[in-house]
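Supplied in structure tokens, the structure appears directly below.
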Amino acid sequence: MSAKFMFRDIISILDFTREDLETLFEFADRFIKINEKLEILKGKIVALAFFEPSTRTRLSFEVAAKKLGADVISIVGEEASSIAKGESFADTIRMLDSYSDLIVVRHRFEGAAKYAAEIAEKPVINAGDGRQHHPTQAMIDLYTIKKLFGEIDGLTYAVLGDLRYGRAATSFIYGLTLYKPKKVYLVSPPQLRIRDEVRRELIDRGLVFEEKNSILEVIEEIDVLYVTRIQKERFPDPVEYEKVRGSYIVTLGMLMKGKPHLKVLHPLPKVDEIDYSVDNSKYAAYFYQAKLGIPIRMALLSLVLGAG
Amino acid sequence: MSAKFMFRDIISILDFTREDLETLFEFADRFIKINEKLEILKGKIVALAFFEPSTRTRLSFEVAAKKLGADVISIVGEEASSIAKGESFADTIRMLDSYSDLIVVRHRFEGAAKYAAEIAEKPVINAGDGRQHHPTQAMIDLYTIKKLFGEIDGLTYAVLGDLRYGRAATSFIYGLTLYKPKKVYLVSPPQLRIRDEVRRELIDRGLVFEEKNSILEVIEEIDVLYVTRIQKERFPDPVEYEKVRGSYIVTLGMLMKGKPHLKVLHPLPKVDEIDYSVDNSKYAAYFYQAKLGIPIRMALLSLVLGAG
Amino acid sequence: MSAKFMFRDIISILDFTREDLETLFEFADRFIKINEKLEILKGKIVALAFFEPSTRTRLSFEVAAKKLGADVISIVGEEASSIAKGESFADTIRMLDSYSDLIVVRHRFEGAAKYAAEIAEKPVINAGDGRQHHPTQAMIDLYTIKKLFGEIDGLTYAVLGDLRYGRAATSFIYGLTLYKPKKVYLVSPPQLRIRDEVRRELIDRGLVFEEKNSILEVIEEIDVLYVTRIQKERFPDPVEYEKVRGSYIVTLGMLMKGKPHLKVLHPLPKVDEIDYSVDNSKYAAYFYQAKLGIPIRMALLSLVLGAG
């Protein structure tokens, strides 16, 4: 089964089936409790090329790789941006291809990871590019729901926030198309709705979804609330931002109107879209979700590098 | 004995007794001559969260951790400051708490390490925060004196420089309160004297100290001269800075007026507060002191992680 | 034979003989195919001090060190420049000297690596300083030619680009003086010719060379074309830059006028001085050359650290 992952590029969650994900999740289960250093990837070099900063994603790949015994090299921050100005992206990827056994790419441009995968002989993992794809985040999200509810099918979901530009939200919704959720509510201000190409994809894949303006309309019905951040910069008019902002801040009071087992997920980092009072409540699943980033990425790295 | 350190947060030198420090120093002695890679912390992840830059402290923690077989992940520089702007400090610490086994925190805000320790389940080591606390530096300073003089009690000390804002100086003076120095001279320009809360603490703890304006008044009497930097920015008036500056530059000529065994310590980095001619003299103990940062931090990491 | 390298500083390619390089190349041959992690340098700490950024050189040293089992600590980017502003270079080197077993230095100032070597007790490797010296790059270049042509003697070379300020080009030409090339053409705009001190050195060492303005004059005659970048900033007048620029861009058409076995080398990163069409042609040897950076640096690190 794990042959499905071996030496394969990981570009979009849509490239996978639920059977693939089951394999991954079973593998991740094994890593959850391991605290010792493994030698599964000893002698392998994992390159982290973060042309767009993301401390959390970078560190969790780094921890996952090191726990498996791999060595890690990184291009981050200032260095990544000065590279961006100088040599071509292709040449940078070629360099990493000849120095490492696997390349993790994060980039703000749509398609950057796919382009890297075309250039590199070694497998490429997309750690987020453009506005749609962040496959490892979607894997973590789905795995978290599996761990919390025992299944992903049959639940009612709301995805809240910036559905137009937020790649984590889009990847999560794409991920849900691999399963049979009862219903998925897509909740956002009108200007931050999913883009047409995404909507068509969801329809093609038979996802039962409905677009809403306010979370309050559906709070009582849902099992999972997936929150993402709305960036002020998305609004040309600050007044308009202030108007919608309040409706997209999740509070404990709001959650208490929902089902007792309702769980809040968030890809993190969060800024102010979830009130601090939620952090220590039974609803907050996002810190647990973040924790599962390590076993999922350990599973993925070992499967892709053929050590599964 | 080492149970005193096990899984404990290391926030202030004042949380320790001289017996604790003896335990630490004995442990450090063992690490001084070891050149091979140890496996004491194999499988452990040490997170370095340097919200304020400090290459020297960061690298010495990194070397100490790696020599013990641990893996290291880091947040530094630009990345740390962009985090500071975005997600809450608490969320960043929670992330590191779920990725690592121990968190080393450096921050310019008073109390940041303590706050981190309250949030994190894993032990937190303060690598310097605010204006008062830099406990591992004080451990190194005291250990250096122990190695140089065989004892910390009974000696006469001068602490020179910025005693108001300098956390290394304050931590060192706090550290001396755990011992019985003959006398401690606190030498600074009037505007950079120790703050009242520190003065009260020293009095409460029975330290025999005296505040002075000029090192020349006490140079003949002291065994240890602890030098710290006076930053130009502390003076609203550049003219005033230039006036005092000369009195706080340590020269070979000045030291030759002192005891033959007089030793100069400095937490480093130094800029121009010690004349280069001192570097190769018998008085300079600061490079030796820097070197002892590795065994002290190795000892601390292994004791705190229960590998002692 | 390898005693020639043991604990030795690596400052300039001119400090070596062709016999030294043969030893190095034989050693590198052994590392080319090794994919497992070695323990040759286990317990050693390699410090990378990149006061001038160079992702490629830094990463290849890092990969080389890690493949040999060493641990790596780094000063890079922003951090390196803030050090440059604060404490003295000497103190930074002293710090690294007490934390590590070998120091790799990159600096824009001429002589920085040599100065570091005078301060440090541990061996220092120059990873490029000033306008002349980048010895490990020259080693890689010569090794690449050896692998491609079987020998370095007897071939005709052209070195193209900025010969005045480019340290890779100068080091390569210096490296050729250790061999017996048939002829070396030095091709550059008049204002970017080799400096007088370099010209004298080449004459003293008996290199058969000729300076040219255009690569087209010699393209049919050469076996190896070594290309380096001409930086716009070297020209006070942008018009003048635009005038010469075109003559220093290597195209597939240009190369097709040369010998069928002609190979193009470049120390990388390249910007636009080689047309993309060359990348996938039989002429391009620069990606292969970049790849050989790892075995050469592995060989050098192990020889210098006495593990040869």
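We just call them A, B and C in the order they show up, numbering each chain from 1.
What we mean here is this: a residue touches a chain if its C-beta (ideal position, glycine included) is under 8 Å from a C-beta of that chain, and two chains touch if they have at least 3 such contacts.
Because the structure is predicted, anything quoted here is derived from the model rather than measured.
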Two copies, subunit A and subunit B, superposed on Cα atoms differ by a rotation in degrees, nearest 5, of 120
Residue numbers at the subunit B-subunit C contact, same meaning over half shared and different meaning under half, come out as different
Whole-Å distance, C-alpha centre of subunit B to that of subunit C, is 41
Multi-chain contacts in subunit B, i.e. residues touching at least two other chains, fall at 77-78
Seen from subunit C, its contact residues with subunit A in the complex are 35-37, 53, 55-56, 59-60, 62-63, 66-67, 76-78, 268-271, 276, 279, 287, 290-291, 294
Within the complex, subunit B is touched by subunit C residues 42-43, 45, 71, 73, 75, 77-79, 82-83, 86-88, 90-92, 94-96, 98-100
